[in-house]
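Right after this note come the structures.
Both of the next two complexes hold subunit A, though its partner changes from subunit B to subunit C.
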Partner chain A sequence: MNMPRFWREIQGRYNLIGSRCGNCGEYFFPKRDICPKCHRKSVGKMETVKFSGRGRIISYSIVHDPHPEYKDMRPYIMAIIELEEGPRLTAQVVDCSPEEVKTGMEVEATFRKLAEDGKEGVIFYGYKFRPLRK
Partner chain B sequence: MEAGIISYGAYIPRYRIKPEEIGRVWGEDGAARGKGLGVMAKSVPAPDEDVITIAVEAARNALKRVDIDPKDIGAIYTGSESHPYAVKPTSTVVAEAIMASPDLTAADYEFACKAGTAALQNVLGLVESGIIKYGMAIGSDTSQGAPGDPLEYTASAGGAAFLVGKDGVIAEINGMYSYTTDTPDFWRREGQPYPSHGGRFTGEPAYFRHVLTAAKGMMERMGTEAKDYDYVVLHQPNGKFPRRAAKKLGFSPEQLETGLLTPRIGNTYSGAVPLGLSAVLDAAEPGNRILAVSFGSGAGSDAFDITVTDEMKKFRKERAPLVMDMVNDEVFIDYATYVKYRKKIRRKGD
Partner chain C sequence: MRDVYVIGAGITKFGELWERSFRDIGIEAGIKAINDAGISGADIDALYIGNMSAGAFINQEHVASLIADYVGLAQTSHIPAIRVEAAGASGAVAFREAFLSIASGMHDVVVVGGAEKMTDIGDEMANAITAMAIDQEWETVFGATYASLHAMMARAHMERYGTSREQLAMVSVINHRHGALNPNAQFQREISVETVLKSGYVAEPLRVFDMCPLSDGAAALVLASEVVAKKHGNAVKIMGIGQSSDTISLHDRKDITTMDASVHAAKRAYEMAGIKPEDVDVAEVYDSSTISEIIAIEDLGFFEKGKGGKAAEDEKIALGGDIPVNTSGGLKARGHPIGATGVAQIVEIVQQLRGEAGKRQVNGAEIGLAHAIGGTGGTAVVSILGVKE
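Moving on to the complex of A and B:
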């Protein structure tokens, strides 16, 4: 991961900061400067929003052949999650075994280590999801 | 003191390993070891958890329970002996992750197992003096025990965060007292992956001398006796030391039990007294009085005399998980998984 780019995206990755179009009301994640539906009409109307972090699993995949950094967690779950405000994103689902995961499962965002740039490099943190604690 | 605890939040990783499993690998009677230490299991962080992620989860849980603007937090201090970076603070990540940045001061504390209570003393001072409106003090650790070392039976992970302010105080601080000496009972030199300890030396001249003196010193200053408290929370490197210390101080097992988590989750180091106090606050009623005494090797103890206020009735505890919810959410792993999770295996490129 590229450090300056990651640093620019910290608010999105740490706190699920996205956008809402002031023209049509649709929510976006990650943050957008222009609404892809309203185009020019959304100029100056895009609002910054913090998503609640709650959502549900739309689809998932059990990863058996992982990126080397994720080997310790193999097999692990990657899912498309629909946030309760509407946008969808892809994230790892933790604190959940491949036997427990289900489509439609309610999840909530959690703060985890995403990767590290080798033993001497920076550590990247951000959102992952876990089954919703009732 | 006008400044007090206005909210708190905890976090405990869900993985656990039993002493029987550790003993099986090292040719020891793990069950007997666990019984001797008073520990039935210890918590283990997932491969993607560390002091920073635990501190953030605890801080977020504290913020869920109150309706304050995180931008009003003027200081964040995180105490730990296992900060992920040697240089680069844990607290700056926490500040950004709870959206308290950038108008605040942040720093990391280190004092073996009492760095979290040292952080609490400091935010209390800043809030009391009126320099800041709110302050966040966190104790969080993913403590290390060398493979095969007795510490491996107890060194665990967890943390808790306290939000300090003057409005809506749920737990008043009646007084603080610390007792500090140069006692080399436990240490870790710069660059070393595992700590060293003085074996039996860690008991009498270190833990007991500091904890007992700080507890007695606090009670003398407050004019109280053990019977005046509803709960006592003592540092808990194992299940045995705090029980013996509580008895020597005249506390009953009932006064100690609620805040004694080590038998279920091991020694969470800087998280230990903060988590024990959180478990007590989960259960406490207005008017309850609490004595909390931490201990950090090297060595020192911080004592706090606390009274739960009527504000506790309005406090939205249910917005975040209770300590016992997390203690009871356990997934047991074997020793091989444990060494993989704790990165104790030497790999290519290490």
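Moving on to the complex of A and C:
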């Protein structure tokens, strides 16, 4: 994959930047230009927002057979996480063993290296989640 | 809108067909369907091809032109040839497009093919290509695999409805039992619940035997208008067809124990056919994993939401059960050459409705349903066929 594709995604992936519909108030991650509920009424009213990074696990899996770029990490935890503002996303859960992870567990975003595109390729970074530190 | 019929069906052996090329299998299926229909090349008005990713699997795009050429219809009748892509639903969407082209009055005889050649490359690369059906920017890049998303659906279904690991395994057991009766299936050997539960983890709680294989294969159908079909003794009517979309990312769906695209596609198909789920005698559903079959038989209305696991345990979906599902062996045992699957499912239903399914025949089957999914549920197509007048 080439550099511009990664650059384009940096805002969302590094900083949890998404959108809020100025018409109905619903939050979205990643950014959307049109609200799926308000359609045309939302055009030009989508606001950029940064999410808190706190959320909870909706479901999870322990991955044993990953794509090649992720092999060094296996087994690892993948989860669907619901952010406290409402949107859901897919991310790894780290600093937590497969035995500890639970549905409903409170988590928070942390900035990590995701993988690298071969030995000479781009290293890409972004969010992973860890158990919430209270 | 005009009535549309299936008047011919053909399918190749599914499996790791190392000695055969994409065009070999595509043409074999097409010739079988045309012979079955008893038509000649000059009768064909158009060709629709379901194919997910020939560009990535075999470095070949423009496959509709290629198939039209090698079935001998490009240089003579110069028919329109159209490739359709919707991941795992590619073949089913091609079928619907072909249906529409006849229903609209534009064409009278149309061939629908589905083909995929997945074993010319290694498993790792093939799995990466398959994962292109999920959101590459917001799922795959974080480490998600196709299997891991199904695993999350499975865990949610297990936690909410009490679906057990053994019940999931039964889906695979039944599909292998059916596959053992299908001479074209990739796997023709029965397995036990222990086989599934002792296989290695792919993504917990799912194991190797919960997931469909990588396959080569092709299937084809000949569709015709009523005028043409009336001259044909063995026509099967397309009673209803529904297609729906949903978010491409699994996480954007509020409930991951159901696929809304399936629910909506089924509603449209049942309404158009004027039937209810209980009227269906035989069904082919999208079991890319054991959990996806359980979710499908619930979403299609065969069983109440949450009761699909019990239905598998009680063998209600096996041959001889209340509603035999995946008599072909399904994606799990017949095999899953992605673009071919949606067409192959309809080939099975056509054979069942004509009473030509051999050892896996559902006696007296008059109404059959085929259900295909793209990705984790971003596309769904439900087709209902019948021989009841």
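The criterion applied here is as follows: the second predicted complex is superposed on the first by the 132 of 134 C-alpha atoms of A that agree within 3 Å, B and C clash if a C-alpha of one lies under 4 Å from a C-alpha of the other, contacts with A are read in each partner's own complex, and residues count from 1 in each chain.
Just so it is clear, contacts are C-beta pairs under 8 Å (C-beta built on N, C-alpha and C of every residue); 3 or more make two chains touch, one makes a residue touch a chain.
Everything quoted here is computed from the prediction, not taken from an experiment.
Contact with subunit C, but none with subunit B, is seen for A:80 once the two complexes are overlaid on the shared chain. Of the two partner chains placed by superposition, only subunit C is touched by A:58; subunit B is not. Comparing subunit B with subunit C, more residues of subunit A are touched by C. Shared-chain residue A:125: touches subunit B; no touch with subunit C. Of the two partner chains placed by the overlay, subunit B and subunit C both lie in contact with A:114. By the touch criterion defined above, A:89 reaches subunit C but does not reach subunit B.
Of the two partner chains, subunit B is the only one touched by A:10; subunit C is not.
When the two complexes are laid over each other on chain A, subunit A has residues 73, 114, 128 in contact with both subunit B and subunit C.
Contacts from subunit A toward subunit C in the complex involve residues 9, 13, 30, 58-68, 70, 73, 75-76, 78-81, 88-92, 98, 103, 114-115, 124, 126-128. Residue ranges of subunit B in contact with subunit A, taken from their complex: 14, 46-50, 52-53, 56-57, 60, 84-85, 88, 93, 96-97, 99, 321, 325, 340-341, 343, 349-350.
Touching subunit A in their complex are the following residues of subunit C: 124, 127-128, 131, 137-145, 147-149, 151-153, 155-156, 159, 200-206, 249-252, 256. Within the complex formed with subunit B, the residues of subunit A that make contact are 10-11, 14-15, 50, 72-73, 94-95, 110-114, 119, 122-123, 125, 128, 133.
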